[in-house]
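The letters A, B, C and D name the chains in turn, as written, and every chain counts its residues from 1.
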Amino acid sequence: MKIEKAVAQRYPQILQLVEQFNMREGQGAVFWEDNVIEELHIVGAEPDKLIWEFKVKEVHCNRLGNLHGGCAATLIDICSSFAVLTNSGKARWNLIGVSTDLSVSYLKGVPAETMIRLECEVQRVGKTLANIFTKVYNDQGQVCYTGSHTKFNIDPKL
Amino acid sequence: MKIEKAVAQRYPQILQLVEQFNMREGQGAVFWEDNVIEELHIVGAEPDKLIWEFKVKEVHCNRLGNLHGGCAATLIDICSSFAVLTNSGKARWNLIGVSTDLSVSYLKGVPAETMIRLECEVQRVGKTLANIFTKVYNDQGQVCYTGSHTKFNIDPKL
Amino acid sequence: MKIEKAVAQRYPQILQLVEQFNMREGQGAVFWEDNVIEELHIVGAEPDKLIWEFKVKEVHCNRLGNLHGGCAATLIDICSSFAVLTNSGKARWNLIGVSTDLSVSYLKGVPAETMIRLECEVQRVGKTLANIFTKVYNDQGQVCYTGSHTKFNIDPKL
Amino acid sequence: MKIEKAVAQRYPQILQLVEQFNMREGQGAVFWEDNVIEELHIVGAEPDKLIWEFKVKEVHCNRLGNLHGGCAATLIDICSSFAVLTNSGKARWNLIGVSTDLSVSYLKGVPAETMIRLECEVQRVGKTLANIFTKVYNDQGQVCYTGSHTKFNIDPKL
């Protein structure tokens, strides 16, 4: 997992999370995220928005040669979870919570070797729940997947 | 991917698909499905219903030690797609189509080493679209995930 | 809103809610629920399951003569919310909470004058969240809509 | 249903649909849409985007005094369906199709007398399926609901 320097400086919490995820790299896949981690790259962030790039490899594809729906769901899950930390509202989460609902729409197949772009837009972060909407674009700027993600805060209460 | 003999006999189309998926096994992960394929086991089938077991390993989990949401989505995607072939209605699909929508609800975390059970219930298979609802149970019979899957027929038209 | 006597006796909390909803009847539509309330009938209940019947009238339909998607969503919302009170688990809610997510799949159109049946199955009621899955059948027993509903507890904390 | 002149001129297909919906007004509620039609106002349109305003009345609310979830779903259904006609892509639909999936997330309650704004963004219109994402804002610019809508083309084939 890579992160642009400007994003790392502006969002130290996101940098920290990236480092945590990278810690296990190089020791063989140990966690599910390790199936996608090497190709994930945070390229931009602003209040309530986090932007990623991901290079689709054959290992992320199904037998039709397109990004597997389960891999798309995995990417949307991970990328939109990190986005919670760009929240500009009052409620602050220290952790990125757990999922309660994830709805993915599949609009267009994405073949291997495509560089996709995931734009995660935070709709709201409340004390208990957060909602993030993600659009996944192919390299021609077409929306290929969308995902609505609802997360539940698991920060320990002081 | 394993399949109970009784299911294989009753649903030769499902057996064929299982064999197709297994063909690549042993050559290292080449497709996304290979991340889960070894632990997948079809244990039962009846008209409009397909039942699977899956042993959750650490590689399927997140850093909290629970089955990753993206892996759960991957399992629901694969298992409910196969279920289309148990359809008792008039419309017959030769292939299992592509996803248009997948909505997953996360009710309860599932730790590594749990044997989970996926019950995929076909709601309807039409000429163009199919709908399958999946419940994922832990080894105490509690529902941990549910998934609504809409699929689009890609059978070549004669 | 009607309720079978056996259900009312077994689930006094549901009876109470029915009476609350009926209180405004006869004074003209004041709340959104009043658009469907007269045709709603609770016909059965068991642990974690609530069953309703509803007679589709022309006022519930779109210009194609079928039950409107927004009316189907309204019915699934209301019926599955009541179902929370059939919960057999440990967590008890006094109120039926508010919605966080509702996903509806539309499988088959339902014309006016059809008596539909809504089967609401409680998947889980936790301290904070509840999940209910609903199937809507036409009078030939075909599934026409399904809905996944996630609710958030708003019981006042003592 | 009202429509700004500039939108009507640019999108005659949308104007025509508005007129069709209004034809029954004044004769008492006959269709489900008539429960919301009077307050719906198309205020802006551009390629792949349609913007509406809607004044929430008490009849649209639940007993907690907030816009009912089923009414929110009804509005998202109707508004995003019209948006299909702003599609800038190659595929052209004459009719607005039927729903296959609608997923609504509820972020924040909206009290009666609020003027809400619905922004419907067309993600893709293909030959068979269309996807529209809708955000519903309150009068302080906060996102209160989001909806992902998948539609199925029912244009008669020539």
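Everything below uses one rule, namely that a contact is a pair of C-beta atoms (placed from the backbone, for glycine too) under 8 Å apart; a residue touches a chain by one contact, two chains touch by 3 or more.
Computed from a predicted structure; not experimentally measured.
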item	value
Duplicate of the C-D contact set - from A-C, A-B or B-D, the pair where over half of the pairs recur	A-B
Distance between the centres, which are taken as Cα means, of chain B and chain A, whole angstrom	24
Rounded Å distance, chain B centre to chain D centre (Cα mean)	35
Distance from chain C to chain B - Cα centre to Cα centre, in angstrom	29
Residue list for chain B, restricted to those that touch at least two other chains	100-101, 103, 105, 129, 148, 150
Chain contact topology (line, ring, star, complete or other)	complete
Residues of chain D defined as touching chain A within the complex	101, 103, 105, 107-108, 123-124, 126, 129, 131, 133, 135, 142-143, 146, 148, 150
Touching residues (chain side chain D, partner chain C) in the complex	20-21, 29-35, 58-64, 68-71, 73-75, 77-78, 98-106, 109
Residue numbers on chain A that touch chain C, as the complex places them	100-101, 103, 128-129, 148, 150, 152
